[in-house]
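You will see two complexes here that share subunit A, one where it goes with subunit B and one where it goes with subunit C.
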Partner chain A sequence: MPNLAFDTAHLLAGGLVLISFMLLYQDRLTSLLNVYALHALVLALSVAWQAHLQNAPHLYVTAGLALGFKAIIIPVALRRIIERLGIHREIETVVGIGPTMLAGMALVGLSMVVMLRVTAAATPIARQDLAFALAVVLLGLLMMVTRRNAVSQVVGFMSLENGLNLAATGARGMPLVVEISVAFSILIAFIVIGIFLFRIRERFDTVDIGALDQARGEHR
Partner chain B sequence: MALIRDLIVQFFEMSLVLVLAPGLVGLVRKAKARLTRRRGASLLQPYRDLLRLLRKEVVLAENASWLFRVAPYLIFATTWVAAALVPTFATGLLFSWSADLIAVIALLASARFFLALAGMDVGTSFGGIGSSREVMIASLAEPAMLTTVFTLALVAGSTQLSTIVAFMNSPAVGLSVSLGLALFALIIVAIAENARIPVDNPATHLELTMVHEAMVLEYSGRHLALIELASALKLLLYVSLIACIFAPWGLAGAQADAIALLIGAGAYVGKLAVGGVLLAVFETAIAKMRVFRVPQFIGVALMLGLLGTLLRFVSRSF
Partner chain C sequence: MNHFIVPPQTVPLIPLGAAALLALLPGYRLTARLNVVATLATLLAALSLLFEPLRTPGPYLLVDDLNIVFIVLNTFVGFTTSVFSSSYVGHELEIGRLTPRYLRFYHAMYQLLMAAMNAALMANNIGLMWVAIEVATLTTVLMVGIYRTHEALEAAWKYFILGSVGIALALFGTILVYVAAQPVIGEGLQAMVWTKLVANAAYFDPALLNVAFIFLLLGYGTKVGLAPLHAWLPDAHAEGPTPISAVLSGLLLNVALYAVLRFKMLMAANAAAITPGPLMVTMGLASLLFAAFMLYRRRDIKRFFAYSSIEHMGIITFAFGMGGTLANFAGLLQMTLHSLTKSGIFFAVGHIAQAKSTQRIDDIAGLTETHPWLGWGLVVGVVAIAGLPPLGIFMSEFLLVSSTFARAPLLAILLVLGLLVAFGALFLRLNGIAFGEPRGVNHPVKASYGPLFAHLALVLAAGLYLPPLLVAWFQHVSQLLG
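Coming up: the complex of A and B.
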């Protein structure tokens, strides 16, 4: 087994990119949430592997946070939200899945080209983690752009944050304070977005973002 | 002397795939029947069907051209040659110098080309629908297959099957996410190409869902027997391709003796049985999808192949 450390890190980070694509592919909200939980689980595994490699015990805390908050609490909470809103069957995308996938591939290619050029001095594991992390961030942004349903936009935002986490752990040394504060700010953002979801729903009887444009008097 | 030995081994391989192909189809049918709590026909039923078809006379449509009569032989021949190129139980076969993955894809593609032509030859609207759908599926599945091959070639350093298999058997493989993606892409392509359940239903003659059966509807007698045998061979080819690339254990080496060859053949039959049962479980667990969903399904394979290539570039650049 040549270089098991690198290969495992590569496998986990590559798996994260792949699950980002699976998020883009889903067209049901419940399966979207399941895949998001998987995304967070793989992130937790990846962070734990980095902790093992770098001999950094505080990264285990990060992994635990990722596992507890993102893989369990947030998906369960989101599921309860969509059940209360009664929208667990619908999703509509702005463009079809095919063009979205192609755009995603282009973004992945872009992030590889950029990151591998820029980080020539870093260690191999950090380099590939950064490249994959940028890909995950861009795919999260793409997901927020291509979905009109507010809940799936939230999921896109959360997966983007997972990408940031991957970059931070790969780059050897995000202090634990920063990590915890980032996790909590994400949680607060999640709560705020959740409240907004209910407000939007009360106001317009739908969580389709298109309704907001109509309310502002814009025309598509 | 060595040449004669190689010839014998290669001939044994070619006859082995021919003999095993209907058995694999029978096994998949039997397993599917058992999974739905039916008894199912015996494993030998496909052989009996083929023998019966061979004995029956050929009924030709009045306006069938020479192409219609030639096509079954061409389809069968190209598929058989493609199956002979795959290292099923030994890597050092006589044909292995030409056993390039791209050559295998090209052989299968030419078989499909003749099948689509034959479907349109008689001029029934049914055959036309079948041909157009087959070509639509193929136009998506072939790029996916090629990108998968590129991934494999990047990992193993060659598109030649025996080199890839030797590389996969060595400890240099390591743990690679690209190979996992390639495996899934290859499975999706295999399902689509063999007209298995989420894409096409091989057990039905229902018009709305027919792809493969619609094209061969006009065939009878020995022509139909050859086409059925060719499609069984194609299924066997894909299963043994996946088995030899991703589970190359027990394969005999280049200059193996008779015992190693026998072990290889036994392992090969075992792998085929496992593959057939897995296919049956998958087909039972999933529902047939609409024709217009098929491009998305195969698009996943294309995406996986591309992603595998991209990820490979990252780990290669160190």
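Coming up: the complex of A and C.
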């Protein structure tokens, strides 16, 4: 029985890392949102499994939030925004897919080396959850820096935040997890509303020097 | 727990209540006054904490000798800024840059920001501290974008994304601290209580603490505006309303630095963990040197002083990174005086930008002739921020430089280089702004000089005479910081 518990948690957390990789090579916004919904779904399952293992019913709230808000509402809302604003469907990347994937692999390796080494004292489940969580966080950061499009940056941020949820639920008995996941959901809601209201399409470091000067308030 | 005259919870709760009230009330006169009254009440509540005996910390809130310095400073600048803000937004309403609806939103957000900052400063729980700093970030993002111009929205978005990444990294660090604490303290709330953490830190896994501190330093360091994570700061200062620039520079950066200091104390309690000092020294020096050179190329007056804030946060982080009673003392003094001076400068700059209808440095000249009060106020402020005697910052910088020379002469040379470079830039620009032939439009402006000159007077007084009580207090806190 403990084996099943560990293996399932391992499978779900590992799945999250894999889906983070899938996010990296999507080249269309709609498919990116689908993969993100899958990311959130796996997170919800993982959190629910932790709630079951730790006998911590409050974690079901976090799981429900991940399922209802992140896996359904946010992807649907973002899809409508894309259609409404007519944002071009292709994702512009700063770095090509190949180098990005290689960098991603290096980051996952790094997080395994770092986290497994420093968490020798923790329980096996917490240990692998933290290692996978750091991998998801770093992959999310990688996605944010390699994309130009605001929507895909936000998806990167949300996947990063899923990694944080994984870490927080993996740390046994951590207080305030539910509050923190609610706070993050509010943050994400703000971001999505921000995109819609302010019609932000691009990140602001374009190669257009004129635009740069305008953004920096420096008129030389 | 029942002998308190004023329970410490009131310090964050007063602004929270005021935020709810201000969100509902219409009208400029009433709400601006209410805003001032609420911040004054918060200041009085914070001051009353000084006269009460130290209490046993609860699982959520803590008042000790360290954070009370920050709380009093925070509520004081919050109060003076609200006075400045009432005349500032009055002008903005007249020229139509703000609509009454946005004004209501602005006042509610201002109070919410105060509540969040006070909660972060009083938090004895690292989870609560994180949530409070996140809320403070969100409210400032919303206020930076309040003018809804293209530039303001860009600045808000940039701040939002970088700030979110920062707080995400800080959360990961917080989780790691909990994971390190949990085997020693046990599961649950107690393993996030800061006083418990420090008491038991010696038994934590040092490797895990090291990794946690790196995440916390990067995460909260983003909010301090340390190079290379400072990119959001100049935009956010330049595009938002000036009272917000004053609060950002004077207070929010301090709150983030306070979080770093708390975790530094935690690291110091574990003998096997890395010493955070060298990391902070490096980031502080890098920020100082980078910002000092960048000052020369600024063309926007608010952006210019935003870079000066990065420079000063670098100096302060450097001081706390050096550690030791003397350097910590210098750091505390520098932080207090920088908050007062920089918010004072922004008070002057806010009215100057209104009087000249521009923030471009090239279009502002001869202020001492056209607007003598504002012009000379700015001159005194810049003299103070540049670290000239007899104003207070001279003393803290002198203390820091001399203590650094005694311990690490090479670092001191870099420090002095940064200070001198920044000094040159400040006076180069000040000369053009304050003196010479007046240029451009000159609107009359109903300025409130009270907050500006109150701050400058305090900075001057600190340079001439520090009361022994204050010195003893700061020395005690410096020893606490280690």
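The definition used in the following text is that the second predicted complex is superposed on the first by the 174 of 220 C-alpha atoms of A that agree within 3 Å, B and C clash if a C-alpha of one lies under 4 Å from a C-alpha of the other, contacts with A are read in each partner's own complex, and residues count from 1 in each chain.
The definition used in the following text is that a contact is a pair of C-beta atoms (placed from the backbone, for glycine too) under 8 Å apart; a residue touches a chain by one contact, two chains touch by 3 or more.
What you see is a predicted model, and the numbers here were worked out from it, not measured in a lab.
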- Using the superposition on chain A described above, determine whether A:I74 touches subunit B (first), subunit C (second), both, or neither. neither
Request  = Determine, under the contact definition given at the top, whether A:P124 touches first (subunit B), second (subunit C), both, or neither.
outcome  = first
### Task
Check whether A:G109 is in contact with subunit B, with subunit C, with both or with neither, and answer first, second, both or neither.
first
Could you look at A:G14 and tell me whether it touches subunit B, subunit C, both or neither (first, second, both, neither)?
first
Across subunit A, the partner (subunit B or subunit C) reaching more residues is C
- Message: Is A:N3 touching anything from subunit B or subunit C once the two structures are fitted on A? First, second, both or neither.
- Response: first
Practice prompt. Check the residue A:L138 against both partner chains and state whether it touches subunit B (first), subunit C (second), both, or neither.
Written response: neither
Message: Output check: A:I97 vs subunit B and subunit C. Expected answer is one of first, second, both, neither. What do you get?
response: first
Margin query: Let me test your reading of the model: by the given contact rule, A:F190 touches which partner, first (subunit B), second (subunit C), both or neither?
Written below: second
On subunit A, the footprints of subunit B and subunit C overlap at residues none
In their shared complex, subunit B is touched by residues of subunit A numbered 1-4, 6-8, 10-11, 14-15, 17-18, 21, 25, 97-98, 101, 104-105, 108-109, 112, 116, 124, 127-128, 131-132
Subunit C residues touching subunit A in their complex are 125, 127-128, 130-131, 134-135, 138, 141, 145, 150-151, 153-154, 156-158, 160-161, 164-165, 168-169, 171-172, 175-176, 178-179, 182-183, 187-189, 191-192, 205, 207-208, 210-211, 234-235, 238-239, 297-300, 303, 359-360
So, in the complex, the side of subunit B touching subunit A is made of residues 171-172, 174-178, 180-181, 295-296, 299-300, 303-304, 306-307, 310-311, 313-315, 317-318
As the complex stands, subunit A meets subunit C at residues 114-115, 117-122, 126, 130, 133-134, 137, 141, 144, 150, 153, 157, 160-161, 164, 167-168, 171-176, 179-180, 183, 186-187, 190-191, 194, 198, 200, 204, 214-220
